[in-house]
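In the two complexes below, chain A is the common chain; its partner is chain B in one and chain C in the other.
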Partner chain A sequence: MLDLIDWSRAQFALTAMYHWLFVPLTLGITWIIAMMETIYVKSGDPEWKKITQFWMKLFGINFAIGVATGIIMEFEFGTNWSNYSWFVGDIFGAPLAIEGIMAFFLESTFIAIMFFGWNKVSKKFHLASSWLVAIGANLSALWILVANAWMQNPVGTEFNPETARNEMVSFWEVLFSPVAINKFLHTITSGMVLASIFVIGISSWFLLKKKEILLSLRSIKVSAIFGLVASLLLVLTGDGSAKQVARIQPMKLAAMEGLYDGKEGAGLVGIGFLNSKEKRDGGEVFAFKFEMPKVLSWMAFGDAGHFVAGINDFSKGNPDRGILSTGEKIERGKVARQLLTDYKNASASGNLAKTDSIRRIFDEPAFRDNYFRYFGYGFDDDLNYYIPNVPLTFYSFHIMVILGFGFVLFFAFFLLFSFKETLPERRFWLKLAPWIIPLAYVASESGWIVAELGRQPWTIQDLLPTVAAVTRIDATSVMVTFILFAVTFTILAIAEISIMLKAIKKGPVNHGGTK
Partner chain B sequence: MFESLSHLALQHYWWIIISVLGGALAFLMFVQGGQTLIRYLGKNETERSLLVNSLGRKWEFTFTTLVTFGGAFFASFPLFYATSFGGAYWVWILILFAFIIQAVSYEFRSKAGNFLGRRTYETFLHINGLMATVLIGTAVGTFFTGSEFSINEMNQVTWEGQARGLEAALNVQNLALGLSVLFLSRVLGALYFLNNLDEATILTRAKRHLLINSILFLAVFVFFLIRLMLMDGFAFHPDTGEVFIEKSKYLHNYLEMPVVLTLLVAGILGVLLGIGSTLLKNSTRGIWFAGPGTFLVVLSLFLVAGLNDTSFYPSTHDLQSSLTIVNASSSRFTLKVMSYVSLLIPVVIAYMAYSWWSMDRRKITREELQTEDHVY
Partner chain C sequence: MGRRIDKTWIGRVFGFYAEGFRNLSSWGRAVWIVLLIKLFIIFAIIRLIFMPDYLNKNYENDRERGRHVLENLTEN
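Presenting the complex of A and B:
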């Protein structure tokens, strides 16, 4: 029987993953469209206008459902994670508000001109609008990822016992947190890669059918260049991301690699199959693995001999490496929470001297670094609660990485064929390309599974576990809304895909605007 | 420029911003009102398409304003976000659901392969128009009538209402506000069509619905307003923060804040002028009076709900748990940072107005829909 936490997490995962089915295409294809329109405005060639409008049409279909699935995300923090909303609202609310003011209005205002303004505004104003839509979409990604990065690595804040919440002390630290910057770049480049694959896949299908040859060849050329650059940046930022995880979320790294016992010169598992939980706990983690020696140490710490901690090092502690056990962290978390209770009691009884002295303890660096930083560990005594789902994290990570490297090769080949002008004869590649589109979605969703499941149980790393963040409501209500959203989103997704396929089959001729 | 402001001053500043966004949202809900009129004003496929396409170029303004309203409320008064959204769960979930089905309906409605068929998406728009207006109005009604919840010393919320927020619909005053928002949004929707379309048969029908909905709106809104002026309100002591019941609190607020009273009176006159000039003088510019009028009326309602030492989200279960702009707000630092961001709002309004103007220079006609590339 699933409990409140399970249903609340399931609902968040469901809505987030549905939302993410539609967002990356928007993040990437808006740049491609803006580039195509720029070529049109510079060259005056009506074929480029037709190309621009065709991809714009598909973008429009996708955009609407991205908006529909997006609104729920914002409000869900309040409806389903209300304790979270208060505990971190002082920091977390700001990026959401800025996203609305700075990005959403930009996007929605200029999207109207992009779609309806062809005959109403000047060519240059229209082109500017297309660029502003791309900028707006990616700016909105920036702010929501700043918020997400802060959950992974809460910086620029201090705990205030008076209000019992975290409060922002440095906006710039939150905004320019290295985790935020890396996450932003990794995410938008993933969108660019997905969109490029989308354009290449559909164009290849046209080429196979010997339809829209010029449109397809030109679209492939633009997207292959764009996709190759983006995929290289994607790999680079992925590497940056792994290094950050090693430092700030070492448990996640251990789960990503299925590393139970830490070691120096740890190898990177290229491909592996995990054993059942019983066997893994007994020390036999893999049924099969292909491992590259020392690569994990090198990848995570830039040093092939570096020690990488495993899941057991965290659970049981490893004094030689200065790692506290989960049990010890739980004790320290409880000390911090008891102090907060003492503060509240003193405050309620009007004992000013005592509240003052406790308040000073909260401000002491020693207390912060040794006790308050484990604040979230006091909420559950079960050691296993603090270990993320290893198989899901492990497989998602490996699927993402393998596909990511594959995409680089994919773009490189298409770019090569495009420049050698041999694309129409490359039937194998043209047949393959449409099948890469779903893989791009799989890779993209896998990335978020690693990022979010890999940090369980934390909504805020080490400070607030899901069990303390959730809205106190009957589990049935959340189950009902879960089903409501699951059914609605599934119906809408079916409609979206069906409309998209129809629009692709129809091609640009009849609604491309060059009549 | 915000460095010197006290925490209290920033709390006031942010309540005003929230009120401005609330007012803007009420004006822009002409889209929702318009959606509920489609089936009455459009008697055939072409007419309905004209109506849908007319609204379809504006719906995102409303949607984005709602999202920003939510984000700004979260950033400035997070305890409200935690209390109301988590507590009045079903009200907010239903509102969200209404907007989810709206967002796809314009784009999908006339597309080949849309799975559910054109009429279903039109029904979605109708449902969105009814639910969003009535429920948001009802939810805002609880700013005056209160909800049942308690908040402990760690600022954690326990909701005591039996139906997770839906109990608000049992209160006559809340319901009156909900219906006021519905009828007013229909008035605005009709006025918008009169301004935006060039199709005689639709416009004749729009006028008839303008008349009916104006009468209904005035009836429920006058009822709401009279009760508001007479009812007990939730005041708090500015020094101790203690919440207490004050007789005719909202009337006092209007009288003690003459500027806010002026906003209310000017707003009501604007709405009446917009309706009157359209019905009596055949003006097509009624929306430009009634729209800003709506903005001013709702702005003033938000201001009396939260300013002048008033609890904007009172608890009838435990009076001292009531939320005020003082106890529910973000820290001074965060409000200060956000205040700098708020300076962007005039820029946003400016480019929205410019794009509206450049897109609406010509009225939408049947001919345009036949030559347009992108049609809903």
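Presenting the complex of A and C:
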């Protein structure tokens, strides 16, 4: 039987994953459209205009059906996660307000010009609008990812016990947090890769059907170049993410690799199958694994011999490596919570002297660094509560990485065939390409599963676990809205796929959004 | 004079959107229908009926909201 927290988490996961079905294509395809239109404006070749308008049509369908699906997550913050919403204070407010204003003005204005303005504005103004849509869409993602990065690595803020909120002390520290920058780059490059696969997949289908040959060949060339560059950047930013996770969320890294006992010169598991929990707890973690020696140490710390801590090092502690046990963190978290309780009681009884003295303790760097930073550990005594779901994190991570490297090869082959002008004869590859589209979505969703499930139980790393973040409401009401969202989003996804398939089958007939 | 220029400018923008919507293709119309139904479901049904803001609905001011959350964060 699922409880309130399970339903609230399931609902948020469902909403986020459905929302993410629409976002990456928008992030990536806008760049491809802008590049194609640039070629049209430079060359004056009307075929490029036709190509641009065809992909713009598919972008329009995806954008219109996906837009505002993310706003439901904001509703969920207020309804299901009210303690969390309050606790994060203005950290979310500022980036999300900027995102809302930017998305509304930049995207709505220039998207209208993209679709309605072909014969109304100059070629260069239209081109500028297409580039601004790409820039605007990706900058909108920046603000959301800044907010998400703060949850993974809460910097630039201080907790105020009087208001029970975190207050921003440095906007720039929040904005330029290395986690935020890397997350932004990794996310937008993943969108670029997905969109390139989308274009190549559909173009390949056209080639197989011997339809729209020129459109397909040109689209594949642009997307294969763009996709190859983006996929290499994706690998690079993924490496950056791994290094940050090793430093900031080492338990997540251990779960990603199924590493229970830390070691120097740790290997990276290329492919592996995990044993049952009982066997894993007994020390037999893998039923089978193919491991690349020392690669994990090198990947995480840039040193092949570096020690990488495992799940047991965190649970039981490893004094030789300076790792506190979860038990010790629980004790420190309880001290911080008790002090907050004392503050609340002193405040309620009007004992100003006591509230002032406790407030001073909250402001002390030593208290913040040694106690309040473990505040979230004070909510549950069970050591296992602080270990994420290892199989889900492990498999999601490996699916993402294997597919990611596969996409590099995919683009390289298509680029090679494109330059050798042998694409129409490569029937195996043309048949394969449309099936890679769903795999790109699988890889993209897997990335978010690693990022979000891998940091459980935290809504805010080390500060607020889900058990404290959730609103104390009736689980049945959350279950009802879960079902409502599942139905709504499924209908939307079916609508998108059917309108999209119809538009693809019809080919580049109706241009843009107008007749 | 200035007001006339503004009016002309606003009128041109309005005309740009109006003409665009008047000339929507069949797929454009289908997408807009889905979009409007979706926005109605999100804002008129989900937001108003199922997803009210818990703290805004149940507490008068920020002080009360803060106290409530503090209570939740410190309860055993």
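Rule of thumb we're sticking to: the second predicted complex is superposed on the first by the 506 of 515 C-alpha atoms of A that agree within 3 Å, B and C clash if a C-alpha of one lies under 4 Å from a C-alpha of the other, contacts with A are read in each partner's own complex, and residues count from 1 in each chain.
Quick note on the criterion: a contact is a pair of C-beta atoms (placed from the backbone, for glycine too) under 8 Å apart; a residue touches a chain by one contact, two chains touch by 3 or more.
Keep in mind that this is a model prediction, so the values were computed, not measured.
Superposition of the two structures on chain A shows chain C clashing with chain B. By the document's definition of touching, of the two partners only chain B reaches A:Ile98; chain C does not.
Residue contacts after overlaying the shared chain place A:Leu501 against chain B, while chain C stays out of touching range. In the superposition on chain A, contact is made by A:Leu492 with both chain B and chain C.
Number of chain A residues touched is higher for B, counting chain B against chain C. In the superposed pair of complexes, A:Phe288 makes contact with neither chain B nor chain C.
Shared-chain residue A:Ile72: touches chain B and chain C both.
Touch criterion met: A:Arg165 reaches chain B and chain C at once. Of the two partner chains placed by superposition, A:Phe428 touches none, neither chain B nor chain C. 57, 60-61, 64-65, 67-69, 71-72, 75, 78-79, 82-83, 85-86, 112, 115-117, 120, 163-165, 340, 344, 471-473, 477, 481, 484, 488, 492, 495, 499, 502-503, 506, 511-513 are the residues of chain A that lie in the contact sets of both chain B and chain C, per the superposition on chain A.
Touching chain A in their complex are the following residues of chain C: 16-17, 19-20, 23-28, 30-32, 34-35, 38-39, 41-42, 46-47, 50-56, 62, 65-67, 69-74.
Those residues of chain A whose C-beta lies close enough to touch chain B in the complex are 53, 57, 60-61, 63-65, 67-69, 71-72, 74-75, 77-83, 85-86, 89-94, 96-102, 104-113, 115-121, 125, 160, 163-165, 167-169, 171, 340, 344, 347-348, 471-473, 477, 481, 484, 488, 491-492, 494-496, 498-499, 501-503, 506, 511-513. Across the complex, chain A is touched by residues 57, 60-61, 63-64, 66-68, 70-72, 74-76, 78-79, 81-87, 89-90, 92-93, 96-97, 99-104, 106-108, 111-116, 153-159, 164, 330-331, 333-334, 337-338, 341-342, 344-345, 348, 351-352, 355, 358-359, 361-362, 371-374 of chain B. Residue ranges on chain A touching chain C, taken from their complex, read 57, 60-61, 64-65, 67-69, 71-72, 75-76, 78-79, 82-83, 85-87, 112, 115-117, 120, 161-165, 337, 340-341, 344, 468, 471-473, 477, 480-481, 484-485, 488, 492, 495, 499, 502-503, 506, 510-515.
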